[in-house]
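Shared between the two complexes below is chain A, which pairs with chain B and chain C, respectively.
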Partner chain A sequence: MATAVATAPLAGHEAVAARYLEVDPVYAETRSIRLLGFVFFLLSDCVLFGAFIFAYVYLRISAPTWPPFVGNHRLPWFDTAFAALNSIVLFGSGVTMHFALENWKHLNRQKFYRWLIATIILGLGFLLGQAHEWTGVLRGGVTWPGSTMGASFFTLTGMHGFHVFVGVCYLTVLGLQARRGIYTGSKYFGLTAGTLYWHFVDVIWVVLFTLFYVW
Partner chain B sequence: MEAGTTAPHVGHDPHDHIHPPPEGFIRKYVFSLDHKVIAFQYFITGLLFMLIAGSFAELIRLQLWEPNGAIMSHNAYDTMFTIHGTAMVWLVVIPLVTGALGNFVMPLQIGARDVAFPWLNMLSFWILPVAGLTLFSTFLAGGAHAGWTEYPPISLADGTAGALWCAAIFLVGISSTITGLNFMVTIIKMRAPGMTWTRMPLFIWASFATAFMNMFATVALSSALFALFLEHVFNVPFFDANRGGSAVLYEHMFWFYSHPAVYIFILPAFGVISEILPVFARKPIFGYKMIAFSSLAIAILSFAVWAHHMFPSGISPWLQLTFMIITYAIGVPTGIKVFSWIATLWAGRIHFTTAMLYAMGFLITFTFGGITGIFLASVPADFHEHGTYFVVAHFHYVVAGGALMGFLAAIPYWYPKATGRLMSERMGRWSFWLFFIGFNATFFPMHWLGLEGMPRRYASYVAFATGNPDAVFWNQFETVFSFLMVVSIGLLAWNMIWSIRHGKPAGINPWGARTLEWTISSPPPYYNFRKIPIVYDRPYDFDKPLPYRNLDNDIDAYPEPSPVLLRQEPVRAGA
Partner chain C sequence: MTEAQIEKIIALLGALLVGVTAAVQLRNDWAAKGLDALVTKVLLGLMAVGCVLAFLAAINVLGVHA
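For the complex of A and B:
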């Protein structure tokens, strides 16, 4: 809404947007629209995880024993040590992504690509770690259809893993777009959105890790 | 909009770049990005689904003509009421009130050229027919039997049909989440300059609260159905009590959405009533801020009342008490609205147009449905009424007598804006009275039938009719009068078709209304506003001049802007 910008100044708290206002008012406006839309998307995604986390907590609290019994066999606890290691990989990827975006802002293209590739590799590493984790859990007798423990664990970590996978694809596309010259030093909303998404996936993992491996 | 980096703009100044009107049938009418065309698509789709779901309702009524009706097998009856409820809720009411009405009116009333993300708007519409086809395809797989709530374990016995049902409603959920997100961003970011929060029309407040619930609550529904789908297809034990799951968990997840959902139905209708009453009473709305904030209060409280649907399902007495109290509390903002509307009418110069008749009808039927809602919120009373026709009467008063009636009020009110023609008032009055009488005669007797204990969802009520011989009379009475509603909706449809050619030309502002959509031509051009207006005040002070500048009819002040017609460019992915 171009004229809206021309006639009414942006709210003062939009400091970041104000930075673009001098460069290009149309971009400043659409950037703020997209940013809000993207944040709302992430919030509604939180509700998706929230609903399943609610289901897990509900089932766990109402179960007579946890881990539950399947027949006479009591299911084992999850392996906290390995998951903690894998979490470090994922959180590390959040750090590298942060550096990638910062380097973009400071026009260090080469460093940006390096940090982005590091993020993608760490993301893939986390997915491999999750695959390893899943096989271990399955070997312990916890299966998806077998118990409420398996149902909530595989559904939630599976959904999260899917988000990580989507994130890896997303970051790859962003890298390719950056190579094609879609983004500039002042216009890089796609990269901001990708970074937000990646941090979002990290934050969800903090909650899942706590609920499955610490609780 | 990536201004200036990838796509060069046609105009010289980035503010004034041109986007020519869409060309060709497909771009213009099928995969259109224009919110008005999308609204029309929602409208037609919603009416088609209403035809199907409504005919199921009449089949249900015919089955209940005799206590042991033999129109259809009991199995078929179960699928009828299941798909009637499901389709009416997700394929008729939600697409009509948010998709059609919200899409058409909201951007016009805030002075925007389109919604924030036109492409998402198109996507969210096109999910709907797919979802509808998926839903009706359950009949090919044996039919879904568990009612519109699809409670496990009964729904799990449906097999493929149950899984298809989940997939269909999951899709609808995605569609309405996207719409909610889109509307939230549009209302927050794209209001005309000067339109502060407390200068927004009340329909926009209602749309905002609706969008908020659509965005957050609907995802919970999608999650519940995703879990149920996994249980159907992969046998994952979320809800199977034999394997540690819990059917009550499903009820929690389902109603966490589905109670906000009833406010998703009704809030746009509240908005419509708040627009229509001041216009036809020629008086400022009474209690603007109270009505606006009560919409928000309803939206927030509605997330904390869901378990009142589950009192007999085995939840703890403390939860019952809590939810009873919060449910009573949500009656307060609703009551504030009703009293404000009545106070708006007080000492006004009331014009009984068709829209106003429907709005008045809404006040009566909705208030009645709201009062029986208070009965149902009370734990002891609910244990008696739960699962009876009392509940059926209550939610039809709220959804059909409230949300649908509000929508029916909106049709004659905004039809002139959408088509440039007035609808026939004579046919309109007929269709109102037929609907009002038919509706009340159909659903009012259900109250006492329910209190006497007539169970809902039963294909045969032989046992009940033995103890209550008058039940047969009242059921036949309901069946007869229910056809008045069919006649009324048919007449309305005919009125809409007839008026396109024979209606009186509407002009810019046939009602003397003051919101922004009545300042541009009817039908609006695809870019809506030549110049984005500047807003100085609320649109409800009928004794003052219009509080806008840059209006299209002040066009003398602005030379014909022909190639420089602004339009929000569709937001592309990427930069």
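For the complex of A and C:
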């Protein structure tokens, strides 16, 4: 393999794949098993969100009016403009995390740390935006115990926000581990898993944004 | 200009920037193989869809309630 790499210089994805093949076969096999396990973890999280999303959709389509009435007061719609802005902050963090991993794969450590820090900052920005959004929703009279709309909204966005918070902590730990030299140019499964998790959190938000703000 | 209008303009520009970047990254990664690459491509594609939704919401095509 080393001869093949030496005679034909590789670039891009091929270079990254060739580095994997140079690693000991035990690691390559372990990595495949870990990756499969991590994908199953993400799928199990999909089931968790799916159950709550199904409950929300059921409650909404079976309600006589939406937003529902609480007494004589009809609850307000959620703020689409701010949610669109906050969504872009989260989606932007997905792109920066993708750049971080790509730079790690191509052995550009400085850029990796810059993009990772940008991702963490954008993740924190999204959480602050969510706190602002929750404050506005509560001011509008939508509360957790007060209506099915509030219960669904706070449960689902709260669960998602918790996932984002865990993701921010996870990425911070990954950055510190990378700094300590735990990952190398050919062994970086933790970073791959972190990136997949962060993309997953983004995609869950696409669904929640559609259900709460677009529908 | 109202606060909502400013938010929509920033969301609009952000959706364009992030959506195009996600689409370009998706195209660059199209040839990558393996389970992680496959999952990344699916998730990047869905994120690009999210940008389209945010864009449409910012220009009042979606999320306008009477």
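Note that the second predicted complex is superposed on the first by the 194 of 215 C-alpha atoms of A that agree within 3 Å, B and C clash if a C-alpha of one lies under 4 Å from a C-alpha of the other, contacts with A are read in each partner's own complex, and residues count from 1 in each chain.
As a convention for this text, a contact is a pair of C-beta atoms (placed from the backbone, for glycine too) under 8 Å apart; a residue touches a chain by one contact, two chains touch by 3 or more.
Bear in mind the structure is a predicted one, so any value in this text is a computation, not a measurement.
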Partner chain in contact with A:26 - chain B first, chain C second, else both or neither: first
Partner, of chain C and chain B, that touches more residues belonging to chain A: B
First (chain B), second (chain C), both or neither touched by A:177: first
First (chain B), second (chain C), both or neither touched by A:202: second
Which superposed partner A:95 touches (first chain B, second chain C, both, neither): second
Partner chain in contact with A:36 - chain B first, chain C second, else both or neither: both
Which of chain B and chain C A:80 touches, first, second, both or neither: second
First (chain B), second (chain C), both or neither touched by A:108: neither
Chain B/chain C common contact set on chain A: 32, 36
Residues of chain B that touch chain A when the two form their complex: 1-6, 14-16, 112-113, 116-117, 177, 180-182, 184-185, 188-190, 192-194, 215-217, 219-220, 222-224, 227, 230, 234-238, 243-246, 249, 252-253, 256, 531-532, 534, 566, 568, 571, 574-575
For the chain A and chain C complex, residues of the former touching the latter: 13, 17, 32, 35-36, 39, 42, 77, 79-85, 87-89, 91-92, 94-95, 98, 192, 195-196, 199-200, 202-203, 205-206, 209-210, 213-214
Residue numbers on chain A that touch chain B, as the complex places them: 1-8, 24-27, 29-30, 32-34, 36-37, 40-41, 43-45, 47-48, 50-52, 54-55, 58-59, 62-63, 68, 144-148, 151-152, 154-155, 177, 182-184, 187-190
Complex contacts: residues of chain C adjacent to chain A: 4-5, 7-8, 10-11, 14-15, 17-19, 21-22, 25, 29, 31-33, 35-36, 39-40, 43-44, 46-47, 49-51, 53-54, 56-58, 62-65
